[in-house]
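Just below sit the structures, each encoded as structure tokens.
After this come two complexes, each holding chain A, first together with chain B and then together with chain C.
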Partner chain A sequence: MSPPSKALAEFVAEATEILEALGKDLLVLDERRGQEADPDRVNGIFRAAHSLKGLAGLFGQERISRLAHGTEDLLDRLRLGKLHLNDAVLDTLIEALDAFQALLAETARGTETDGLTRRADGMAERLGRLGEVSVALDEDPLERLELDAQVRSVFTEYEEHRLRENVRKGVSMWRVRAAFDLSDFDMGLADLNTRLKPLGEVISTLPSAQPGGAHGIAFDLIFGTQVSLPELESGLKGTPAELARLAVRPATIRSAEALVRATESPAIVLGTLGVASAPEASTGTSPPSKRGVRAAVEGGTHQSLLPLASERSDTEQGETGASAHGVPGQESESDEEHVPSAKGPSLVTYLQGPGGRAPAATPPGAPHAGAGAASSALAEPSLRSLTQTVRVDIGKLDGLINMVGELLLIKASLQRLAESARQDGVVPLSKLFGQELARETRGLERKLEALQEGLLEARMVPVGQVFDKLARLVRRITREAGKEIDFVIGGGEVELDKLIVEELSDPLMHLIRNAIDHGVESPDMRLAAGKPRRAVVSLRAEQKGNHVVIQVSDDGAGIDELRVREVALTRGLITHAQAEEMGRRELLNLIFLPGFSTARSVSELSGRGVGLDVVKNNLGNLSGIIDVWSERGKGTAFHLTLPVTLAIIRALVVGVSARTYAVPLNSVLEILSVQPREIRTMERREVLDVRGQTLPFVRLSRLFGLPERPVSRYFVVVVGLAQERLGIAVDELHGQQDIVTKPLGGRLQSVRGISGATDLGNRRPVLVLDVAALLEEGLALERRRA
Partner chain B sequence: MRVKVLIVEDSKASREYIASTVEAVEGIEAVVTSSGFEALKLLPRHRFELIITDINMPDINGLELINFVKKNPNYRDVPLFIITTEGREQDRDRGMALGAAEYLVKPFQPGSLEGLLRRYLKLP
Partner chain C sequence: MSRFAELLDDFFFRPDEDVSGLQDFAAGSDGVASAAPEEVPEEYLSFRLEGEAYAVPIRAVREISKVPPLTEIPRAEPHLLGVMNLRGELLPAYDIKVRLGLAERAPLVAGPDAPVPPRDARILVLRTETGPAGVWVDTVSGVVKLKPSMLEPPPPGLRRGDKDCVVGIGRRGPSLYILLDPEQALAP
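Moving on, here comes the complex of A and B:
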């Protein structure tokens, strides 16, 4: 296959962004199952599907386009109130998202498999069939709203639907008019929207067709709210907004009856009687002019109330206003019609139906079995991003650009100094000159440091990006496994290097899948063990200094270390003698050994160990380590300790046998000066006693097979990750330096204990120690010698 | 002097596709924006000979933009094309009723847009 073209890469990048946004919104809907969906959110999802359809069409991505068409169609019916958002619909939408991601992954790779095409097309067809039709009303409530036909003509179908819904529920409708300066009206409108949103729904934002002068522009916001006028007024204090209430005619008896039938609730009591008869209400087709406003204010009781009705009817409105505001509140509570009838499960607190299986997302007769088989036959899609891009906050970029500007100023000063040095070259340079040069150099150093920090920060992304993707996956795995699980996420805001976040998704998926499939017991087994029916699987991130610790835990059956020992012995991974000496923690850590996990051991050990050596290796590549805690009957927790970034690190430069090495400073805990006689041998390995604790100890020279030189004292660099500690003996300490680690190519790649090479600035390459591997090596030595 | 065409479309890929199609016609300069608000700001700053707009946008919708343009004496003679997708007939019809000159249904061929541009801008 030829590499994807630039245009295709652009398509993949934008489609990925759209799907990410779509996934986020779906997750929110999923978490709030049983509540009435926020129309803005449903519309957001619709817009995402709509954009995706257009995008795929333009790039000739037929398969994505077809599925997006089906999805958009379904969402269109949802947002226009032609379909209820129930569990089946939501489940299908989440499945569609998975299918989109699989399709996009194939597109990015330049492949196209028939299996996926069939699955996507089957899904599109199901989307088309899905749905129950909402109760149709006899009368269009919009007919009762006194709104200029001209204004109505610029509403999209969706906006019209939202208006209709608000009127039907008896929500008070307002026109909020505000004039702004042309240069910054978007900021003014954003402020207005922020204030209005908590009070109700902004249905449409109409730029006033009347010219607002050379530098001004006015907007009419059509706004529906249940709050009282004083509340609305206080919410808008300080904005240029002027309020005008839109009159609503009472429903006819027949349509009121229809409403009662449709909503099974008391009929709406209309408090705006009489308003409709006001002359201006029926004739006031355009927004009232400034003069009209003033006149109305003088006649009205509220200062910023801008009635479309006459003064007389305004008074009447005032008298009935209370009921007009109050009653709709009651009405809305009973308006359960659009709320999914089943109080369905949510993703975060996912509840399995009592039948064991979650409700099928397919109406009877739909080709569910076929589609399901196709979907399970396909391998789990990787959660890794398809693009190598980082979205950077524009503020951060501006900061970087400012820094470059300051660097240019320093460069100019240095240039000036160089110029004067050249001119005065024949005479000795003054002390003042030296001081000035030193000052500029210090400034340069500081700025470069800040620039470096800024660039690193730009690479940082919240780890929650991966968590969100995993949350969707959990839902499906839980359903497949027939378990009842609360999935708890924490610390999603913790930031890590983009590269690390990307690489984390697969190991985390592995661990979570293991926890759900095998760690957590079935509901019946849990009850029998005296535990709550629902298990908790949690995923949390926490920043600890230069590291981030991610914990994947469950409150399941835990790992039986005696059976781990049995399996390890059976597979010849350890000897009986070794097994005798191993503590509980060491036994548990055997699950990370290659060759430990096989299909058989899955069932033998509740599945712990599935591909854990792979997980461990993946983490090792990120300079991270993994640790396990488990207690029988209580649960299991994996701790992943990772550096915040891999790009630029501060290192300790050390010398051993006339060779130089760099040790990442983020894992250096302390440095000790040790005399040879302080080193003791315990169980045939060297250790040190540090403040009453026994510290495993290795000589770097021995580890790398270098000639040892007799020394009167060693420097011992104590490194640590998570709970592991190791003392590394070196001959000399050369100081600290920032380094950029470059991977070693070819055969050197697999050398244990070395993570890469770096250049210290003197053009001499230096090897960088892999602390995670050395810690392991230390432990392995322990085992070998035992 | 090239004539300026304003393109209002919130999808980046679509926007670039339309812009590249428009700029492929000699004598046209494309000015692009992703939002209706931005379009309102751009209108007084340039002299546009034609506007191409999407309907479904997050801040103001395309219909509102059309209405604004058609009601404003400074811009009302500028021809407007709607970019729409299949299934949005009501919105499209409203746009045409508000005074849009033409509509194009995504995905459209570059040739059809090019033909319309030449016709409305009276280019050879």
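Moving on, here comes the complex of A and C:
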């Protein structure tokens, strides 16, 4: 397959960004199932689909464009209130997102499979068919709003919908008139908007009917809020705003009844949420505005404080919030007429398996379920990004450019010095000259270090990037596994080198999958064991000095170390003698051996026995280690320790048998000089006595099968990770150096004990030792010999 | 052979000699190369290992480089000679002589005890499924065009080693080239 062209690569990069934002919003909507969907979010997703459609069309990506078109249509209907956001719709949207990811992956690879095309077209079709006509009220609430007809005619469909909703909920409507000077009206208007946002919803901004004077311009903002007038006034103090209330005629009896029926029905209505969450304001522009000056109102965050309008729906909300979910989504496809009546309450929110829902196996659901099964049968795509781009704060880049500027100054000074030395000819270099040169060189060193740090920083991305992708995956796995899980994420803002974050996605996926499949028990079993029905799976990142620790834990059944031992014995991974010697911790660590798996059924999701040793290997390539803690009945936790950055590391250059190797300094605890006679043997193991403690000891030459040279003394590099310590004997110490490590390519992955190579300047690559692997090997060796 | 016989030999062409050009000339074509439509010649890069002529499709060769300093890798597979730094890229360098039955063990080319590589030795950087990989060759002979009609399947006795790296024989005039499949030659 030919790699995509540059233009296509750009398309993939942009599309990935759009999908990421879309995924985030969908996730929030999903978490808040049962509650009213934030119109801002729905609008945000609508805009994302719209952009994606345009982008795909521009690049000739037919399949993506078609699917985006279908999604956009559905979302348009949603945001205009023509469709209710129920389970089926949400699920379909999430499936559509998966389909987009798959399509994009194929584009990035330059392939196009028929299977995926059919899946995408099938999805687009389903999106089109989804729809539930909303309850028709007898009287349009908008009629009751006393607003100039001229003004009303100017609204877009979306604005009308928002207006209608607000009136129906009984929110007070205001006209906020403000006049600004022509020179700075944009700032004034932005300021006014900022003040208004926390107080309610700005539905529309219109040029005012009354002019703002000769040098001014005035705007009317239609605003809905539930705060009292004094509060509103105090919030707007300092702005040139004038408030005028918009009267709303009381509803007639019939419309009131309809109103009551509407709030009683379990259909979810799009309304503003009472949750003060604040995603970054997207920079979307307002929907195509027909006329007049309009501010990009919809682009901001809504922080409305509206509780749900009627008390009745409040009490019902808690109970029936999900009862709407209780409606099998599939019904909506066949049931066009009226909203089905509420079913019994079902367990709510977050991630939920089918155990808590009404049975969803109805024939119209077949295409839905079929697609679901099909997607799980497809190979699980990797969570790695399709692009190799990093977003960098422009401030950081400016900082780097400044540093380069300073470097140029130093270069100029050095040039001057060189020039003066050349011109003075045979005149011996004066001491002054030497001092000046030394000073410039020191300055150069400082600036280069700062530049290096700055560039490394630019490569850092927050781990949250990968965590968010995992959250979506967890939702799907949980559903498929029939469990009930609360997925908790913490420390997403911790930053790691982009390369490391990318490499982490697959190992983390493995671990989480294992946790959900095998760690967490089914809801009934948990109840029987006296545990809460919903399990907690948590993913946390924490920075500890030069390292980052990521913890994947669950409060499930824990790992049964006796069964681990049994399996290891059966598969011949350890002998009985060894098994006797092993402590609990060592037994648990057996799960990282290749070919180990205690899963009874080999589901396609996991349990193939390839999981944990691959995870460990992948982590080793990143100079990271993995540790496991578990207690039967209580839960399991995996700790991954990773260096913050791989790109440039400080290394100790050592010599063994006339070969040169580099040891990452961050794993080195100390260096000792040892005479051969100081090496003791204890139970046939070589050890050293260091300050009263026994240190296990290996000779690197022996470990690597290199010819041993007799030396008068060894240098012992003591390395340690977590609790373990090991002394590695080398012949020479060549010093310390900052090196750029390159990972060994695909073919060289299997080499043990080596994590990469670097160039020390004489063109011959120097291998970088994988301390974690050596540590383990050295210790295992000792154990086996004993 | 007597001098006269030699001359006669040169004068008359042998059955296996490539004389398509001559035939065209005789048939009175107007100089346009009249290869039959399916007879598009493929280019191969030919090189020598222990004096024997081998060839791989030129598309599989990314570049040819002089032998750079190689770093040996401890506890690696015996046919992995070492790793090299090619303009910042780390590439493995392999030996295929053992696999082809031309040598008992891989040559010592890396590490402190290794001799200076011979002047003509080169590293062929080949494109493979798992990324680029270098192969040690004794000397590179050049590019040779082989038409499909010049290709033959490998004779059964020629299968040396346990991998099917030999995919055929190319015959061009008096020269014989053993055609290799890079993927198989470098398979672990």
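Rule of thumb we're sticking to: the second predicted complex is superposed on the first by the 479 of 786 C-alpha atoms of A that agree within 3 Å, B and C clash if a C-alpha of one lies under 4 Å from a C-alpha of the other, contacts with A are read in each partner's own complex, and residues count from 1 in each chain.
Heads up, the rule we're going with is that a residue touches a chain if its C-beta (ideal position, glycine included) is under 8 Å from a C-beta of that chain, and two chains touch if they have at least 3 such contacts.
It should be emphasised that the depicted structure is a prediction, and the values quoted were computed from it without experimental measurement.
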Using the superposition on chain A described above, determine whether A:Arg66 touches chain B (first), chain C (second), both, or neither.
neither
Who contacts more of chain A, chain B or chain C?
B
For A:Gly705 in the superposed arrangement: first (chain B), second (chain C), both or neither?
second
Would you check which partner chain A:Glu14 touches, where first means chain B only, second means chain C only, and both and neither mean what they say?
first
Give one of first, second, both or neither to describe whether A:Arg177 is in contact with chain B, with chain C, with both, or with none.
neither
In the overlaid three-chain picture, which partner chain does A:Ala658 touch, first (chain B) or second (chain C), both, or neither?
second
Touching A:Glu157 in the superposition: chain B (first), chain C (second), both, neither?
first
On the A-aligned overlay, A:Lys742 touches which partner chain: chain B = first, chain C = second, or both, or neither?
second
A:Arg513 in the overlay: touching chain B, chain C, both, or neither? Say first, second, both or neither.
neither
On chain A, the footprints of chain B and chain C overlap at residues none
The answer for chain B against chain A in the complex is residues 10-14, 16-17, 36-38, 40-41, 44, 55-56, 58-61, 63-68, 70-74, 85-88, 90-91, 94, 97-98, 106-107
Interface with chain C, chain A side, in the complex: residues 657-659, 704-706, 742, 744-748, 751-754, 757, 759, 762-767
Within their complex, chain A touches chain B through residues 10-11, 14, 47, 50-51, 53-55, 57-60, 65, 69, 72-73, 76, 153-157, 159, 182-183, 185-186, 189, 204-211, 214, 217
Spell out the residues on chain C that touch chain A in their complex, using ranges where they run on.
68-76, 80, 83-85, 88, 90-92, 111-112, 128, 130-133
